[in-house]
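See the structures that follow.
Common to both upcoming complexes is chain A, partnered first by chain B, then by chain C.
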Partner chain A sequence: MAATTADGSKVVGGGEKSNVDEESKMITLFSSDGERFEVTQEAAAMSQTIHHMMEDGCVDDEGVHLPNVGSSILAMVIEYCNRHVASPDEKEDIRSFDAGFVNVEHHTLFDIIRAANYLDVKELMDLCCQTVADSIKSKSVEEIRELFGIVNDFTPEEEAEIRKENQWAFE
Partner chain B sequence: MATATSHPSKRRTGGGEEPSGDRADFISNLPDAVLGTIVSLLPTKDGCRTQALSRRWRPIWRSAPLNLEADRGFSEKLVSKILSGHLGPARRISLSRIRRLPHRYQADDDDRSNGWLTPNLQELELVHRFDCRRNSLPPSVFRLAPALRVARFGLCHLPPNLAVDFPHLKQLTLHMVSLTEETLRGVLSGSPALESLLLDQNVGVSSLRISSPTLRSIGFCALWNRQVVDGIVNVQEMVIEDAPCLERLLPLNPDYGPATIRVIRAPKLKILGSLSCGILQLQLRTTVFMEMIAVSLTTIMRTVKVLVLDNFGPGLNAALDFLKCFPCLERLYVVLELWRVRMDMKHASLSYCPIECLELHLKKVALKVYYGEGPEVDFARFFVLNAKVLEKMEFGLVGGHDDKWWGNKYKQLLVEYRASRAARFEFKSFSTSTSQDNKERTHDLSLADPFDASFLDGYVTL
Partner chain C sequence: MDAFPALIAAGATAVCCLVCAIWAFRPPSPNKHQSALTPTCCSCRDKATAASANGEMAIGGDEMNKTPAPAPAATGASMMEQLVPEITTHALSYLDCTSLCHLSMTNSAMRRAANDDGAWKALYHKDFTVEQGNITPPNGWKAYYAATKAIMNVNAEFYNIIREGSLPAMSHFWLNADYVKCINASGELFTGYNAVMNSWALLFNWGQDGGQGTDFQLRDVRARVLSDVAWVNMKVHVDGEPGPLHATNVYEFRNDRWYMVHHHSSVMVDPAPHNLFG
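Then we have the complex of A and B:
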């Protein structure tokens, strides 16, 4: 079974084939628009999707192609992963990094969520979803619609019905 | 599921309402599961209201993992209604001020229709409203929630033969629960991943004994209400028998007990506090403090880095004994004794016995409430003049005074003769009362020093 040591280099058990150079700690990622990103294996492994690919030996010498993630978003996800593997103990610094990281326009945040979902980066998903939830909290239905541009496609009767059924929540 | 990351902005017309200006609706394009995750993080009422946002959003709340936090405004009938109307798994259920658990919960142990205890339930809080000894929880609560990570049980009775199976439980709070030593043992052995434990005002057991291979933090206090109630057994003693990972030992309200704290094995203990004279006897292996005065200093603990002394009257010599016991101490927090009558200010002589902590390690000292009069000035000055690697010293004061007054207080400390040139001194004035957050100090393990910001919470820098 292949394992990753503390410094990120891959160590392979006897008799097993590895597609990644034992000495190398870097892995290449390609965004949907063809841009190339070099990341450490440790950072890349924060993505369970990539981590499983590495474990199953599906990563060839060229690298990993991510047809669903654009370069600008991929750059941000990589920044997040790099920061989080770098100093996992400095929790207070990481908190302020995270706060700054999610301070972006909503549509960017949603793009990050999609990428984190596809790449399966749990911490990033949790952070972004919590951020969105926090912006929804305590707002009225109208305010939420306004905030996100959600169009009300209920008939007045339908909406009244929902409010009546769940009266306790609208008090 | 992967979806395209870029898309043109959409405009939709719906019945009865105009399109909302220039802002395009990006959020509704997220996959169901993601919207479900977001909705599941909302408070219960907020989550429910999202059903009215649009047709796209209507089914989300009912099928997403439920976050049910039922407090004052929720009747038992309403809680049952929400649970039965909700189709998805429950992620978090928090019921406080329960008079009687809703009917759906009162199923017998064998009854498998405990539908609310879903395999996905991660957080569970069940707190009754009135006195504990008559309330019980269905035993299934302790066995049929395998994904539980955070649990809090309050104002109920836990029987001695309780079978506990919480393979992933990390945080547990028992608040005003009646239990026995056997129950506690069972709870600890049934929670093999437990990291933080808050034992708040429990009764029924005089000695709390802790053995856990994973526990990192424990906060505890005895019952505050000293009223003698028939047959109530109050906690007299806390014993850390074997806690190889324990980093935080937090007596939360030491003036109310337990009167005895004994640490037998906690090789990684890092944070200790608050300690006060309410602790009649503190034993750290062979070292013994009686009412905060060292009687024997034969064990020293080099791992302890943070110490909090509360309502501290015994004075400088006693404090120095603590520093000798913890030679690698980096942060010292002292709540000065209210009445200041017992301060013993015979000056300690360091000439033949330098204290390692002051020479090499002590970086931060915080004192409150500091009036700048009498023995406490000597106390503070001692650290100014002798802590050689001190980086910061904070004073929490009360009262509005003019600049001259502050200037005097500062001068008294003889800062120009300070032992550490890099030291900074900060006065902070009391501004607003904050409630002590014991839960965070015990459960939030991401803070390296839980007292760093919170000790002078409510005080404003001048």
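Then we have the complex of A and C:
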């Protein structure tokens, strides 16, 4: 890990040349479509995947390539991480930020869930899964189908069977 | 010469979407170039496919708050079904039992996912008790959850009957058999349906140990359900009375419903820690 001495010069452990800016300890991330993103190491470390890579010294001169995350989703994840490391104690602000953050269409939300899973950002995963769960609550079966584009493929006999199987939950 | 500006625009679009290289290299006709971009291409998706998405989708597009309804991917699976199993399991853990049931009723793939045994076991431990972690319910955890919920409701009904002081309801609630027993907090034992009903009649008439106007809170309710027998333990805090009670209720499943066959109440011993040296 890099450390800054009193006169501002940088001491890097292991003698490796990593892509670390002296002042703000940045790291470069590359999305699947080749876009570059400069983030602070602190924000990047919210992703356990990247955090472990940094710890294990697997980050080369270029930065970290993320073949599973597209640029627009990566930009959103970075925005989330930046916001959360910036002021982790301002609960009200963060809450309203989170509420605005997940106010996107479900397709995007699922992309974020996949990215948060791949990058292992637990808080973001929790936030998105809770949002999906809340959108399912108190919806009828047909409304849930519409919401996620699920196509009903039950035969009428199966429908009756399923209604019986789940009757108990609606009493 | 008209083609030249169109060529520049096409080139810019292609560069913008490197991940869609395969699509970009398909022999495009000038009109359809933009709609050839795959829906998963992030930055260009909204611009390029909005038109095609609106045209393709008939499902509930108008009722959506924000954007057009999501188009099923090329494989025909909804976005829920496209999640890998480990994410699905994690996402399901945020649902309550009603939502999980609703989800299982949407289609066969969701039925498989939402009926997952592990998901229902976790929900059971969240909603009822962490006990019984090592048992294997014979019909799976979803059925066990359902049976437990049913018994908890029946048990709650018992205390509602006591609150109301309704003897007819109590007579309907117990099994009419000679082996049923009731031991109330005073320590008296009543054996057989008739004796048990008489004891309740006395209690309701005299307003003791229940009867109208008394309220209870049940705490730490724990149920164990087998195919035709179930028992429930709980602590009963009676309003206005100092000592909470332990209670044990046993039920039998006959003629498609649960009957009470045993009730035992006793005063709780004050669990103040006793010092070995004190």
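Keep this in mind: the second predicted complex is superposed on the first by the 145 of 171 C-alpha atoms of A that agree within 3 Å, B and C clash if a C-alpha of one lies under 4 Å from a C-alpha of the other, contacts with A are read in each partner's own complex, and residues count from 1 in each chain.
Here, contacts are C-beta pairs under 8 Å (C-beta built on N, C-alpha and C of every residue); 3 or more make two chains touch, one makes a residue touch a chain.
Model, not experiment: these values are computed from the prediction.
Colleague: For the overlay on chain A, clash or fit between chain B and chain C?
Modeller: Chain B/chain C on chain A - steric clash.
Colleague: Taking the superposition on A as described, I'd like to know which of chain B and chain C A:P156 touches: first, second, both or neither.
Modeller: A:P156: touches chain B, not chain C.
Colleague: Which partner does A:A169 contact after superposing on A: first (chain B), second (chain C), both, neither?
Modeller: both
Colleague: Pick one for A:A115: touches chain B only (first), chain C only (second), both, or neither.
Modeller: Only chain B is touched by A:A115; chain C is not.
Colleague: Could you look at A:G34 and tell me whether it touches chain B, chain C, both or neither (first, second, both, neither)?
Modeller: Touch partner of A:G34: chain C, not chain B.
Colleague: With both complexes overlaid on chain A, does A:M125 touch chain B (first), chain C (second), both or neither?
Modeller: Touch partners of A:M125: chain B and chain C.
Colleague: Please work out whether A:N68 is in contact with chain B alone, chain C alone, both, or neither, and reply first, second, both or neither.
Modeller: Touch partner of A:N68: chain B, not chain C.
Colleague: Can you list the residues of chain A that meet both chain B and chain C?
Modeller: 32, 70, 73, 106-107, 110-111, 113-114, 117, 125, 129-130, 132-133, 136-137, 139-141, 144-146, 148-154, 162-163, 166, 168-170
Colleague: Applying the document's contact rule, which stretches of chain A touch chain C when the two form their complex?
Modeller: My answer: residues 32-34, 70-73, 104-107, 110-111, 113-114, 117, 125, 129-130, 132-133, 136-137, 139-141, 144-146, 148-154, 158, 162-163, 166, 168-170.
Colleague: Residues of chain C touching chain A in their complex?
Modeller: 17-19, 40-43, 59-60, 63, 66-67, 69-72, 76, 78-83, 86-87, 90-91, 93-99, 101-108, 110-111, 146, 149-150
Colleague: If you look only at chain B, which of its residues touch chain A in the complex?
Modeller: Interface residues on chain B, with respect to chain A: 1-6, 12-17, 19-21, 23-31, 33-34, 37-39, 41-46, 48-58, 73-74, 78, 446-448.
Colleague: Which part of chain A faces chain B closely enough to touch in the complex?
Modeller: My answer: residues 32, 68-70, 73, 89, 91-92, 95, 106-107, 110-111, 113-115, 117-118, 125, 129-130, 132-133, 136-141, 144-146, 148-156, 159, 162-163, 166, 168-171.
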